[in-house]
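Handing you a structure now.
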Amino acid sequence: MKAKKASETLAITTKVVLPNDTNTLGNLFGGQLLAWMDVIASVSAHRHCRRVVVTASVNNVSFKEPIEHSSIVTLEAKVSRAFSSSMEVFVDVFVEDQVSGQKRKSNEAIYTFVAVDQNGGPIQVPELIPETKEEKHRYMGALRRKQLSLILAGKMDPSEATELKALFFKEGEA
Amino acid sequence: MKAKKASETLAITTKVVLPNDTNTLGNLFGGQLLAWMDVIASVSAHRHCRRVVVTASVNNVSFKEPIEHSSIVTLEAKVSRAFSSSMEVFVDVFVEDQVSGQKRKSNEAIYTFVAVDQNGGPIQVPELIPETKEEKHRYMGALRRKQLSLILAGKMDPSEATELKALFFKEGEA
Amino acid sequence: MKAKKASETLAITTKVVLPNDTNTLGNLFGGQLLAWMDVIASVSAHRHCRRVVVTASVNNVSFKEPIEHSSIVTLEAKVSRAFSSSMEVFVDVFVEDQVSGQKRKSNEAIYTFVAVDQNGGPIQVPELIPETKEEKHRYMGALRRKQLSLILAGKMDPSEATELKALFFKEGEA
Amino acid sequence: MKAKKASETLAITTKVVLPNDTNTLGNLFGGQLLAWMDVIASVSAHRHCRRVVVTASVNNVSFKEPIEHSSIVTLEAKVSRAFSSSMEVFVDVFVEDQVSGQKRKSNEAIYTFVAVDQNGGPIQVPELIPETKEEKHRYMGALRRKQLSLILAGKMDPSEATELKALFFKEGEA
Amino acid sequence: MKAKKASETLAITTKVVLPNDTNTLGNLFGGQLLAWMDVIASVSAHRHCRRVVVTASVNNVSFKEPIEHSSIVTLEAKVSRAFSSSMEVFVDVFVEDQVSGQKRKSNEAIYTFVAVDQNGGPIQVPELIPETKEEKHRYMGALRRKQLSLILAGKMDPSEATELKALFFKEGEA
Amino acid sequence: MKAKKASETLAITTKVVLPNDTNTLGNLFGGQLLAWMDVIASVSAHRHCRRVVVTASVNNVSFKEPIEHSSIVTLEAKVSRAFSSSMEVFVDVFVEDQVSGQKRKSNEAIYTFVAVDQNGGPIQVPELIPETKEEKHRYMGALRRKQLSLILAGKMDPSEATELKALFFKEGEA
């Protein structure tokens, strides 16, 4: 199974915020954005493994600033790391200024997908090769996030989570 | 501002999975469930503070087993803890067996909402009073999750996250 | 086939009124509410018989007061009586005051469902046991409503509709 | 205010049943049809009075036979009678045989609308002039249905419902 | 295969413009109207041939004036000419004045459909018989439009497009 | 008003075909694709002029091969030429092979948009600078298409359509 470059998994979609996507204040609903992110992230994961993929978990989604009705919103999804049958995908969301056309980043989210066969059983996916500085940074962080999620789910002993532990102690501390 | 009991914030919704909610395997899309959870969680947060609320972040969403087309899905949302202007909300998802009517838990998610005024500025919310064992457990965990999210966002020094640190060290270890 | 209590058939759903659910005056469309009521009523009927159910008729739906955009609307459905293969379901609709949180009843409707097999043929359903005062009141009325609908459809001779006739004559009149 | 002919209020719409409109058996959901009927009935009522109209009640909706996925469904709505500020509208639903093109009637429903001003207050509507035999038949029945609904709502003494009472007694009986 | 009259292929649908159908200016989106026209045009083509039909091309759609939120829009589709397995369909769009009820024509479009068997292969359709003056005019134009489309697609030598060529030269010119 | 390069107007969106987007044969509806193309084309036109844009006309849309349920579809829109207040936009549609990931072009369409002010009146847009061979080819063709549409609308005398006329006559012919 041939490893793939992160850049080969890039998936882009552009949306216009319609009235039904908005809340009382006239801004994009969090829930609608979550659904949009899920679809484009699944396309990215599919491009990595060319199999049916299903959402396994979602984390680190933050909504920093409101996105107004009729905004143009662009979502970019890219696989950050592949484990045996799962893939971590980052989704970056950008909003375009109506007048200047400047894009500002408004959201970020981390989705995990699992590749499955027709019975829904997990199947092996290719490895991911990060190339740019950001791709490498996210690739490194993926392991720490995986450890954290295993600990929180009670499936890993915290003392084994070497990568994660390092977060809490500056060099030589513990 | 009078504190409220967790039980007063309970919000329930029941859905039937329609064709358009399903993926290639005929199971409920993760993205659709994320959107449904966001709406019912926002109702729960609104019941706590009686103000307009907007999604601030989403975490710990896991999708353990597929939910089939035409399943009856029930979502229960309850505020787990209130901070100054934010509220952490747990959403528990149950699927009903078509024949026996038995409900099994299929998903769980943690959403955070912020109460805002008409200009979108944050405003104070009441405190939350947990009563049941599960409500107290989630109330305690909320602080640890808040510390973790502040650290991951680079807004807190790990050494100050006393509650969280305890996770990594059994008594007397460090 | 074991009889079931009315309380076992309760189905609840909570909705937020979105822009596309509203008419020119900015209030919830009657048609959208009818569709929501149908879904939750079918869940209630399904909970009674655990079979596929299809809508057979709708009656007595009244829309007393407008429901505004972004209102929180709760629908509660409960089987009121079971006949051989059909079930009468009451749906009560409540709207929540944004500030006080007080719920006021805004609508009521009566749906009838038939339990069917995979070919769409009608199949037997369990009997219903009413317990509360309101459940008993609705259980009694169901027979009268069934007679009325049979008469209006020309399938029953009015003189046989003993229950219904009583409506028109105070004691001893005819 | 000039009276209008029933034929001037005719409103027609043709729909194709899509996957999301169908239930587990692959047939059109009752709830979806109720929503479609409400929209076209409101167009008919609007054509009668040229004002904003809101749904007041729904009755006598029966679902006799299943309508399959990708069927072509035609709904015809026509005002059957106008009272001071309300209009009773009949909706007839026809399904078209895919091969022969023959239309068969599959459903019928009676909606009532009220004409309102911008504050939602009721306003006067023109009278309706029935012309065909069916229009006259429905026009006559409208009064009986209005009496019945007033009685059921406890707003009319059954002994005053002359028209309706006649239903229960063959000539000279009471 | 028996030829059919144009009038037998008429398909009508009436829509109310909802918030989600509108753009920033509060007017009906072109894209939504294109989708509505496609559905009703496919019903018209289906009525001509009683087979599954798929959209082959769209042309000459013009959007002359904005259609406002909550307008009542009526689409009328009629086959203008049938070729071996394809049918050209005209869609005329009318908007109804809220107060006077006057209908004004707001759009026109030309869709082409192909009749297909269950494998998607093209199959023969009946001929069309135009009767009214407008039906005959559109029937004649259909050939010219077909030539034009074949030329633009590089599938016909312009010198053979006799009908079309006539457009560019008044009598005796070339 | 500074001219813009065609490449600055590129807008991309990626969609997954859901059940409700499909017809009886399980393939993407033409009408749904038309709506998707309209939205992304409007984003491209907006990127050119940074004003509100409304659809003015649609032409040359062809549907060559069916697109199956759950396909990944990518739409790329780019302005091909700007006239005083209008912009011609090409939309190219690609479908991705599920296994190989190869993209094949499945559709093409030409939309025209007009830039408008808040009252819907037309306003000036910048000129477009084509750079690649394909951009230049489409830029040249735009004038011919504009002439053709003016002639068909009876707004231009065919003898003045120099560019278009050339199509029908090889060198020196007329």
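The letters A, B, C, D, E and F name the chains in turn, as written, and every chain counts its residues from 1.
Basically, contacts are C-beta pairs under 8 Å (C-beta built on N, C-alpha and C of every residue); 3 or more make two chains touch, one makes a residue touch a chain.
Keep in mind that this is a model prediction, so the values were computed, not measured.
Enquirer: Averaging each chain's C-alpha atoms to get its centre, pick out the one most distant from chain E.
Expert: The most remote chain is B.
Enquirer: Where the centre means the average of the CA atoms, what chain is farthest from chain F?
Expert: Measuring from the centre of chain F, the most distant chain centre belongs to C.
Enquirer: At the place where copies chain C and chain D touch, is the share of residue numbers found on both sides over half (same) or under half (different)?
Expert: Because over half of the interface numbers appear in both copies, chain D and chain C meet with the same residues.
Enquirer: Please report how many Å separate the Cα centroid of chain A from that of chain D, as a whole number.
Expert: 51
Enquirer: So, what's the distance in Å between the C-alpha centres of chain F and chain E?
Expert: 19
Enquirer: Compute the distance, rounded to whole Å, between the mean C-alpha positions of chain A and chain F.
Expert: That gives a centre separation of 32 Å.
Enquirer: Please compute the C-alpha centroid of chain A, do the same for chain E, then give the distance between them in whole Å.
Expert: 44
Enquirer: For chain D, write out the residues touching at least two other chains, lowest number first.
Expert: 19-20, 23-24, 39, 42
Enquirer: Give the pairs of chains that touch; include all such pairs.
Expert: A-B, A-C, A-E, A-F, B-C, B-D, B-F, C-D, C-E, D-E, D-F, E-F
Enquirer: So in the complex, which bits of chain A are touching chain C?
Expert: 19-20, 22-24
Enquirer: Using the touch definition up top, name the residues of chain B that touch chain A in the complex.
Expert: Contacts found on chain B: 23-25, 27, 29-32, 34-39, 42, 52, 54-63, 66, 109, 111, 116, 118, 120, 148, 151-153, 158-159, 161, 165, 167-169, 174.
Enquirer: Which residues of chain D touch chain F once you look at their complex with the stated criterion?
Expert: Against chain F, the touching part of chain D is residues 18-20, 69-70.
Enquirer: Can you list the chain F residues touching chain A in their complex?
Expert: Answer in residue numbers: 11-16, 39-40, 42-43, 46-47, 50, 72, 98-101.
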